[in-house]
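Chain naming follows the written order as A, B, C, D, E and F, and within any one chain the residues start at number 1.
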Amino acid sequence: MLKTFPKGGVHPPENKLSANKKIEILPVPKQVSVPVSQHIGVPAKVTVNKKDVVKVGQIIAESGGFISANIHSPVSGTVFKIDEVTDTSGYKRQSVIINVNDDEWDEKIDRSEELIKDFDISSEEIIKKIQNAGIVGLGGATFPTHVKLMPPKGTKPEVLIINGVECEPYLTSDHILMLEKGEEMLVGIQILMKALKVDKAYIGIENNKPDAITHLTKLVKFYKGIVVTPVKVQYPQGGEKQLIKAVINREVPSGGLPIAVGAVVHNVGTAYAVYEAVQKNKPLFERVVTITGKSVKNPGNYLVRFGTAVSDLIEAAGGVPKNTGKIISGGPMMGKALNTTDVPVAKGTSGILIMPEEESKRRVIKPCIRCAKCVDVCPMGLEPFLLMTFGEKAMHKSMEKEDVLDCIECGSCSYACPSDRPILDYIRLGKNRVGAVIRARSTK
Amino acid sequence: MASKKKSSFINMVVVLFIVSAIAATALAFVYQATKDPIKQAKLEKDKKAVGIVVPKFNNDPVSESDTLIIGERDQLIFFPAKMDNKLVGVAIKTYSDIGFTERIKIMVGFTPDGKIFKTAVLEHKETPGLGDKMQKNKGNWSEQFTNLDVPNIQDTDDDGILIEVKNDQGTIDAITAATISSRAFCDACERAYNAFKKIEK
Amino acid sequence: MSKLIVSPSPHQLGSNSVKKLMYGVLFALIPTLFVSVFFFGLGAIIVILSAVISSVLFEYLITKFILKRESTVMDGSAALTGLLLAFNLPSNLPIWLVIIGAFVAIGIGKMSFGGLGNNPFNPALVGRVFLLISWPVQMTTWPKPSPFTEKMLGYTDVTTGATPLGQLAETMRNGESMSSLGEKVPDYMQMLIGNMGGSFGEIAGFALIIGLIYMLMKKIITWHIPVSIIGSVAIFTGILWLADPVNFADPLFHILTGGILLGAIFMATDYVTSPMSKRGMIIYGIGIGVLTIVIRIWGAFPEGVSFAILIMNALVPLINMYLKPKRFGEKVKKLK
Amino acid sequence: MEYILIIISAIFVNNVVLMKFLGVCPFFGVSKQVGTAVGMSGAVVFVMTVATIVTFILQKYVLDVFEIQYMQTITFILVIASLVQLVEIILKKVSPSLFQALGIFLPLITTNCAVLGVALLAVKPVYDYDLLQATVYAVASAIGFGLAMVIFAGLREHMELQDIPKGMKGVPIAFVVAGLLALAFMGFSGIA
Amino acid sequence: MNEVITATIITVSSVGVVAAVILYWASQKFKVFEDPRIDKVEEILPAANCGGCGYPGCRNFAEVCVKSDSLDDLFCPVGGNGCMSSVAKVLGREVSEKDKMTAVIRCNGAPQFRKKTTHFDGALNCTIQSDLYAGETACQYGCVGLGECADACDFNALHMDPITELPVVTEANCTGCNACVVACPKDIIELRPAGKKSRRIFVSCINEDRGGAAKKACAVACTGCTLCFKECEYDAIVIENFLAYIDPLKCVLCRKCVQVCPTGAIWEVNLPPRKAKPAKETDKKPEEKKEVDLIKTAKENITENKTVDNKQDKKNKTE
Amino acid sequence: MSKLKIFTRGFFSENAVFVMLLGLCPTLGTTTSAVNGLGMGIATTFVLVMSNIVVSLVKSQIPDKVRIPSFIVIIASFVTIVELTMQAYVPDLFEVLGLYIPLIVVNCLILGRAEAFASKNKVSDSILDGLGMGLGFTMALMMLGAVREILGSGSIFNISIYEGDGALVFVLAPGAFIVLGYLIALTNILTKKS
């Protein structure tokens, strides 16, 4: 039996259309707009002014606090203006707009392709480097990586788990990264292990990527303490609590962080970014983005500079198809629908999915028939139908009692519901409100 | 709002005493006044039932009634009906506890030869629509008992019981879907018949 | 490209739908339908048609004219209620009673609560029990099954006979031993294929089990409720039987007769009226099993499944309140 | 065995609320939440038991002796009313925590038909109960009341979340639910 | 007097007296201090102890009345309204007459002024939409039109206009309870003093974008052009983040700002129709008129059918 | 309050059964037929009116702490009077109504009116109030009884109106709840509309 989490989950059609497409480098656009808030936490503070000339990799916005991250210029050119631009959040946010001129990189960055395996540098220095490079989790949540590497007092990391699951349908960026940059990633993992002072790391990979599993299994022989763990194809295998349960059979307590059970989870992309930052001095200003969708002409995986407009990326894949209904940043289960293609690619953009109109529309909502399918599929053991009802009726106390805050917003419940009820919509609403109530209570 | 009297120990007790006493006195008088009518009403009921279940008579069976003791606790009252001092029938107030709900009380009238003349239901709590079909006004089921020649019933299963429903190898058709009530009715009749035999002696 | 559509995640929806599930259950009932028509002929067809048509019609009329909501009849749940109600009736029941049953099931049992998904009690069983208590005579006169004969064309004038459970009740009431029961009822093989008296949908054990397997394969229902009902019936009657084989019938007899299979597979599993968590489902199933046997053996009714399911339906809110699914991570939290 | 029969009969077969229609007002009034229903049931068990014991003694040793059975109603209700008040006063002082749990339900019990009803039934000549049997009968009846009420409260809490049509919302649907619950309980009839 | 009567009287009175004595003794012995107001309230209540109020017993209800902050959700069906108002009197809880506040809608962006660029397809709830993104139009401040405020109103004072897709306040019903203000995720609704004779002037817009962007997003947005600010002689208008705000306490209802606003963002409510203006001023008028006409014709053009469709659509979804 | 309003509110706006949900046990327990409902209603009305009269007469003499016990004794006396009288003159009806006659004592309707109205008002008003409430109660019982009788036994006031068996449930406990539920829904809808 393959390892997996104990309860719930769904298996949507995988649709990994771009699975075998090599990473292509997307040409640098004429203008980029780089949001200063590409991560969870405090937005970064802009350090450049209008008309300043910047190089690739130069800092343009400084971390605004502990949970925050530096932003580096992804291009070289002059700062055109600093203005509010709609980003993937759907709201206007402060961004640095740069007119591109040439492609001049910061001198410190090592641009060679050569693999550097050895590192001899202390744990603190690693973390410092990572922090300076503005690395955030590339698995979706964009949580600043250096914070995760500094476990709070009283906790001790025991294992590092690398999330190569990529359980979202359509997305393939992690998959291709593991195939093409496997070795670099493994070095990155060793660096992370050193930073965390652990000697065990697992790479969890879903069983639908046999090539990545064999490739990495072959490679890990040369890296001490790293094990490749194939896991069952089951959404949301990539959720960190689920992955931890599947790989090391520990349950992160309700409301707790992975570190409570001695685990730290990082995405494969993050590991690769760590490699580049530490061994090549390259800050985080580009990433692999999958562009995909059933009607997209050339689905593929592109290495994209942050700040590039999504429309440019779509253009590279053959343009916006005629019957487009929805454009999603991320996968179909957790991604965010965009209201315009004029938004910049950012650290959290793992893929752009274009859905045809007929698949985009939600169906008519019918009454809950209490079929318990949502209960069956909820990986957190919640009762989504009940939470939704409470959400609709604004019964916040009941929601809190029913552990609404444990919901990881995986959307399995909405997916499984035969009555097409917008369960997660209301749960999210309730989570926000309950969260606000709890915050208000704790400040009292 | 009317002014409220403050409570003190004395006035509490006194008032409650007075109220209770007045109430009790009033009730006692009402009781006195209704005592006889109540008794009368009860007798009337028996009388009416007796009138139904035995042939014509001209004595007062109620005043001539007597209690018959069978077994340990069983007490049945019987009412002899006489025409010109000649016994024309005996009405027996009988009961059964094997009905569907609580006790069933019926009056069974016998002619001196041991035939059932007629029956009348006095009291029962069987389900309306099912068990209550034993009442005359709710169906003609009890017609079966009119002139039932009890002494000549064949006791097919030799259990010594004569009045039985067909399910128990007897001769009586049960009320549809209310075998239990029917069985109880038969049981009461049987009890009355046994009493009758005793009186005969 | 016209206006982009924006909605919260997830953007992909599963292929399940209420309609699919309901029609799936209807499909699973087809074998049973054939067997019942095979044994009860025209009567079965008449009762089924009148129950299904009147259920659908009542639902349509009530949604349209009283609740003034969007019509929901096409989702198949009304037809399913009608069919299951029919399966719980004797095949010679007068049509007007079938129609009243459908009215009670849909009107009182379902639409008074707001229609699909809102009713706490199983509508078909509400209809059935209502009829049973209101017209006990008609509801307990069972035609004899008569495969392949010209009698099949009879509807009201067919010969009647007792059901095995009726025989059981009679036997127990008369204090006779179980061996005398064996002579009066068909053997188990006959029972399994459906050659016995009773409501015409409950007789066909074999066909019902085919339906169960189909629904399990299609993931329409899970095993928890049927298995816990049948299991608890088997265990409970098994204990009684082992303790006193003279006065109690054996477990197989209890499982094959009466509505246990129909109830366990198709009626207790009704989503709307059953618990939401797996643990809850098992408790619910055990409750139904035990109550059924208690009513069968000690109660006034020879058959108890309908009542047992209704009683447990009433307990479902409490079960849901106290038997939650196991939360992820909860245990660790408590250990701390 | 005799006691078991009394218990089963009083809880399931002849359930006070659902079959005998006693105590219907609190059954509807205090069943909006399971928690309250449980508290009320506890209070009813307590009062019904004590009241039945006291009235039983009163009947057998006073009313029957002086042959003034017709004063039954008035004496019983006086006893029950005073008893409830007494229990309330004492409980408040002696065990505030228990009072918190039960006390608030006590006043409601005076006008609960079930208490007087059960006390009256327990002395009915047909049953011919002795004191112990009467007590068991009272306890079981009260449990039957509580059981029905808790189940009903669960159903009502559930109905609150459902999409009940406008005209039926609230009390009407509660009655229909009670009716269907009674219908289900009919399944127990005849168990003896 | 005969025996039965004697026995009756003795029994019943002694039961009565014994009860009274025991109760008195117990109530003395087991006295517990309680808020005396509870007794007072209990006295007013009918003591039917029927549970009709939802609380077990009158005393409990009295306690709840005394302890809770408001009597709004408390009602005794036996005593009725009169009883409840006496309770309120005892507890000194009559609502003191405050300055009447009324809700105003600070968004004027009906669909014909504010083009929809996307279609929202999630659950129909304003907060859900605004948590997700800025909204179907280019104005990220405006009303999203899903009626959460109207649902929050307990007094039937808000409804959604199917044509403008904006909430409309029925002033007569508005109690100024603040529920809609809390409900609206976009902070569209403001409680303002109802004003003399219910006359008010306010800016019906909260768009903080720069003029050009605002105007592009919505034809009736406040662009922060400062014309009104300059016009106002009473310092009632402040402009911050390209948005004007009229201070209700300073505004004297002179209505000058209303006329100068080029986008019609300033609303006047319950003011009498303006006297015909001297001819000179009319050159400004057409523009203003155009706006008004726009709304009018839009309303007329939308056939009834469409309105129904709209509702149907929403109903379908919520069902 | 006008006399008329005191009298009529018991029928509609404050109907004991349909609106205030008081006295439900006899309402459900005795309404197997219209006649039974009528009988019960009249008995209750009698007690209600009489106790209202007495309570409003003695209201100022009763100390507060024993108010309730005293009222109960007064009510219980009238109940006993009804009991005895019925036993003497309508024994059949008495038997049918059985337990519910003594239970009039605890009918919250009566104590409620005594407390809420009679103990604060003039005798004449109290009579009107009692009559109105009582007749409203009687009306409700009769309606419920009539519906149950028609559906359950196929007759009304013991006059058969259709052939064949009625639906037995309506005579039994479940039917009582269900019919009352729908009647209340109906009154809700009707009173809201007007």
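Criterion: a residue touches a chain if its C-beta (ideal position, glycine included) is under 8 Å from a C-beta of that chain, and two chains touch if they have at least 3 such contacts.
This is a predicted model, so every value here is computed, not measured.
Contacts with subunit C and subunit D are shared by A, B, E, F.
Greatest Cα centroid separation from subunit D: this falls to A. Each chain gets a centre from the mean of its Cα atoms; the one farthest from the centre of subunit B is A.
Separating the centre of subunit D from that of subunit E, both taken as means of CA atoms, is a distance of 45 Å. We define each chain's centre as the mean of its Cα atoms; on that basis subunit A and subunit D are separated by 61 Å.
Between subunit A and subunit C the centroid-to-centroid distance comes to 49 Å (mean Cα coordinates, whole Å).
Centres computed as Cα averages put subunit B at a distance of 31 Å from subunit D.
For subunit A, the set of residues touching two or more other chains reads 90, 336-337, 339-340, 360-362, 366-367, 386, 422, 425, 428. Among the residues of subunit C, those touching two or more other chains are numbered 4-8, 108, 114, 117-118, 130, 133, 136-137, 300. Along subunit B, residues 4, 12, 16, 19-20, 23-24, 27, 31, 100, 130, 180 each make contact with two or more other chains.
You'll find the chains touch as A-C, A-D, A-E, B-C, B-D, B-E, B-F, C-D, C-E, C-F, D-E, D-F, E-F. Against subunit A, in their complex, subunit E makes its touches with residues 117-118, 121-123, 125, 127-128, 131-134, 140, 316-319. Touching subunit C in their complex are the following residues of subunit D: 34, 150-151, 154-155, 157-159, 162-165, 168, 173, 176-177, 180-181, 183-192. By the touch rule above, subunit C contacts subunit B in their complex via residues 136-137, 140, 170, 174, 300. Within the complex, the subunit E residues that touch subunit D are 4, 7-8, 11-12, 15-16, 19, 22-23, 26-27, 29-32, 48-52, 54-60, 63.
Chain contact summary for the complex, subunit A toward subunit E: residues 86, 89-92, 336-337, 339-340, 360-362, 364-367, 422, 425-426, 428-429, 432.
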